[in-house]
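Naming follows writing order (A, B, C and D), and every chain is counted from residue 1.
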Amino acid sequence: MTTPATTTATSSIANEIQKQVSEKRPFSLSRFLKDRRFLYCVSLTAFFGIWKYIDYTQVLGNGIAAPDAVVAQIWKLANKTIAGKSLWGHIWASTYRIIIGFSIAAVIAVPLGVIMALNRYVNAIVKPVFDLIKPMPPFAWISCAILWFGIDEPSKIFIIVVGTFVPCLLNAYMGIRLIEPQLYDVIRMLGGNRKDEILQVGFPAAFPAIFAGLQISLSCAWTCVLSAELVSARSGLGFIIIQGMQLSRPAMVLAGMVVLAFVAWATTLLITGLEKKLCPWKREAVQM
Amino acid sequence: MKKMSGKRKAKIEVEQLTKSFGDLLVLNDISFDVKEGEFLSIVGPTGCGKTTFLNTLSTLMPPTRGRILIDGEPADPKKHNISFVFQEPTCMPWRTVKENVAYGMETKKFPKKKAEERLKYILGLVGLTDTENLYPNQVSASMEQRIAVARAFAVDPDLLLMDEPYGQLDVKLRYYLEDELVRLWKALNATVVFVTHNIEEAVYVAERILVLSNKPTKIKAEVRVDLPRPRSLIDPAFVEIRKRVTELIRWW
Amino acid sequence: MAYETVKVDTPLVLRILPVASVVAFFGIWQGVVDFGIVPNTMLASPTQVAVLFWEKLFVADPDGAVLSVHAWVSIQEAFTGFFLSLLVGIPLGLMMGWFNVAEGLARPIFELIRPIPPVAWIPLTIFWFGIGIPGKVFIIWLSGIVPCVINSYVGVRMTSPTLIQMARTYGATDWEIFKKICIPSALPMVFGAMTISQAYCWTTLVGAEYLAADQGLGYLITMGRRLASPPMVVLGMICVGLTGVAIGIVIERLEKKLLAGIRR
Amino acid sequence: METSQEYKIDCQHISKTFVQKGTQRVHVLEDISVNVKNNEFLVILGPGQSGKSTLLRIIAGLETPSEGNVYLDGKEVSGPGADRGLVFQSYMLFPWKTVLGNVELGPKLRGISKNERREVAQHYIDLVGLKGFENHYPHQLSGGMKQRVGIARAYSNNPELMLLDEPFGQLDAQTRYFMEKETARIWETEKRTVLFVTNNIEEAIFLGDRILSLQGKLPGRMHAMYEVHLPRPREHTEMKFLELRQKITDASELTL
């Protein structure tokens, strides 16, 4: 949900508006109609209703399955095995690839970004090469990966590393670069040296930006693992989707998509929770 | 000419204004009135419900109890002209100085011809004619605040509320702008309610000062300032009033 | 005068290092292939790629089209999807930022669809549209719309609350405030969305062409792999990168120009 | 060059030119010479954009002057150091540290043992009146409280020289009076040489032994030096106070 960005403390008129919202007011029909929860219900009902209707009228031919068919399909997947693995096995296959690839990328990219931001000579050497590689979309590497590593696990992990490397590095770099320079002055005035500046200011101040980078990387990672699995795989959620396509069973495709969305969403929540725990001092800004 | 006698008609009547947030009572039964063309200052200690007070007075926030009447009718921003000058400069960065000043009249749907004439007049009065085509980020912070003041006066307000508009400015600059404000007020015969934390400022500009208490806010005292203008900051009579008001709210 | 304009030189080392680094990069790349450290079947050297680039400008074989046709097909698809996503995403995001009802209705659906990577839609679009252009445009539209909606929404939400209060005291209606305060103040964020959205669109396009296409730069890469021709793979990747950068620069220019129009 | 030992700070003919955004040269200070005696409270007064903060940063050692020298106890200043404490206009607290963590940072950097630095930090937290807020994070504090943390942090290093850069510029008039009074009180218990930068004439007279006023346009030049012979504690409404204020106001120029 959104919260307004906390600005510097002026006793602005806007500060007290928030409280007004929490005030209890008497029930009225127009207020009920504009209530968030009511609108959410309307919206979701309409969404699933139209989905069901499209399936019912066969506008898209056999290209779609009704919501209930999708749920049934998920239930079926959870109770039987495809290609030797249950649904949980496939979820784990995808997640496992992400964990490995994501960790490799984060371990290399975050320190590299930090060092690039702190040392302009390193920056002068690494940045041009990075800029050359950066515009290549991660999918473009799939062919390379297959040429280099075959179609087994390493090629998929390679794609994830490549795809998550860029946002990790960029955010770490920007996080350090955008630190208020006067914070360094504080350390210098208190008698600290360059090492203290980096340890006391550089790292903690860049922490939220690094986390934002991890957050973006994570969603990139899901895209990458999925496309790698779509191209060639024998397990994973992408495999379920592509199986559904090859068997012409939209319900299976949709089931794969739904499970995927759910798992991706859960991992995002995990990172957000971790960040809340690690940076209790971070203020929330406007976000969606 | 304005008559300084006490027989002016009451323009704004505030009756038993009360506001609470849940269990927290912020404004407690505040009643007062403002005469037509009067310059009223309101001072209070830091942390008194100043912001809430202004919010309810400007009808941005409905009061829990009580009402505000303008010319005997309940105040309504759609019908009455209520202008508000905020603490921080509120200029729209995508409009020029001229367009910013004109914004209020645009919203109030002034006839085009009248709006243009008035715009010219006000810009001249505030001395913004030379900079009328600049954008807010090309002028200084004090200029931005003058734009906001000009915009507020431009709509010929029934009630002009000011929330410590010159709080963060250099002293010399503040004196200049306060003089300018008084000049505008006289020229346009507006009804002004000026809220501030700065007692000297309040005494310098106002005809009458309302002193607020700590939360829950009540009116603690009323002080008349019958000094001739231009006022001198070191006039013993002036210092006397300043000291008296200070003692009423002193917490530091 | 207190202010005057001067030129400051960066130190010589800092100007040489980037050039040296790029030269070294290509040098090592060339060397690694030429001396057989990495087998020819896995990587092509820069010179091989350059030679193929020249050939591919005129020769349609073996993948069915010359380079310019591949690029043109990709650009066409990318831009169609991109413009459609701007067209829908920006107004939707702006409305969601200001009107409760719009947000209440649109948000749950948006949140449901957002975590699904656009590539995951490819099989469905093949069911629906076949492997022609409409399916790819749909996927690109899906990936481009997300940043548009988010940025426009955040832009409106970040409107200075004092400005909104100011407008309210003058008796402006909700619609007037939306039109005259919220939209102009959200514009920089909205234009910012164009850059992000364009990058997303281009990335997704390559993915889409991988799975379902018979022309386009992504298809070129896939063909390179199927034909076991590393030069073609690398050429495809470079073309994708360069075209992406070129589009990015165009959009950025456009964005700067538009921004200059509202804020000086 | 020769410099006398009797001054704590001795600035000789300081000029400063900046290069901004890589292309614009700005001339900020022009030939400033000023000295500060031991335990003296000197206020540098100037309107916005008069180079006063730059002067303070040069004395702090955060900037090097383009011309001229600064001597601290007769020794040339060559960089920042723990012998000077700086309080910033925008507080500059570390948002990821608690009040205690912010205040004890100076002693921590100098390698003082945990118990000892806790004690020092607690002493100054109590002195600025923040007892009970040790474990709050900066975003939970009001503007005035944040600046008190800033002051405590500067003091906790036990510096010989306190440098305050418009510390109360973002506070409302009454909180400002309160903080000025607190500053005067702290200064009287913890005698230090203080350099205080402000744009507020009232604040300058209330606090300063001497006031150096700078001219209102760039480059900043020395405009006048006022001695304040008022007994402490001072009162804002004393006649002498008001007269001096009038004098300084009249002499300074108006920059719109």
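One rule holds in what follows: a residue touches a chain if its C-beta (ideal position, glycine included) is under 8 Å from a C-beta of that chain, and two chains touch if they have at least 3 such contacts.
Note that the structure is predicted; figures quoted are calculated from it, not measured.
A.B. asks: Most C-beta contact pairs, which chains?
C.D. replies: Contact tally peaks for the chain pair A-C.
A.B. asks: State the chain with the largest centre-to-centre distance from subunit D, centres being mean CA positions.
C.D. replies: Max centre-to-centre separation from subunit D belongs to C.
A.B. asks: Quick one: subunit C and subunit D, Cα centre-to-centre, how many Å?
C.D. replies: 49
A.B. asks: Hey, how far is the Cα centre of subunit A from the one of subunit C, in Å?
C.D. replies: About 18 Å separates the centre of subunit A from that of subunit C.
A.B. asks: Measuring centre to centre with CA averages, how many angstrom lie between subunit B and subunit D?
C.D. replies: Once rounded, the distance between the two centres reads 34 Å.
A.B. asks: Provide the list of subunit D residues touching at least two other chains, using ranges where the numbers run on.
C.D. replies: Only 170, 172 qualify.
A.B. asks: By the touch rule stated above, which residues of subunit B touch at least two different other chains?
C.D. replies: If we look for residues of subunit B contacting two or more partner chains, we find 60, 86, 88.
A.B. asks: Touching two or more other chains, which residues of subunit C qualify?
C.D. replies: 162, 165
A.B. asks: What does subunit D use to touch subunit C in their complex?
C.D. replies: Residues 19, 22-28, 217-219.
A.B. asks: Using the touch definition from the top, list the residues of subunit D that touch subunit A in their complex.
C.D. replies: 57, 60, 62, 79-82, 84-86, 88, 90, 92, 94-96, 105-106, 109-110, 137-139, 142-143, 153-154, 157, 170, 172
A.B. asks: In the complex formed with subunit D, which residues of subunit A make contact?
C.D. replies: Subunit A reaches subunit D through residues 6, 8-9, 11, 180, 182-183, 185-192, 196, 200-201, 204-205, 207, 279-283.
A.B. asks: Residue numbers of subunit A touching subunit C in their complex, please.
C.D. replies: That would be residues 2, 4-5, 12-14, 17, 34-36, 38-40, 42-44, 46-47, 60-64, 120-121, 124-129, 132, 135-144, 146-148, 219, 222-223, 226-227, 230-231, 238, 241-242, 244-245, 248, 250, 253-254, 256-257, 260-262, 264-265, 268, 286-288 of subunit A.
A.B. asks: Within their complex, state which residues of subunit D touch subunit B.
C.D. replies: On the subunit D side, the touching residues are 47-48, 169-170, 172-175, 177-178, 181, 199-202, 237, 239, 242-243, 245-246, 249, 252-256.
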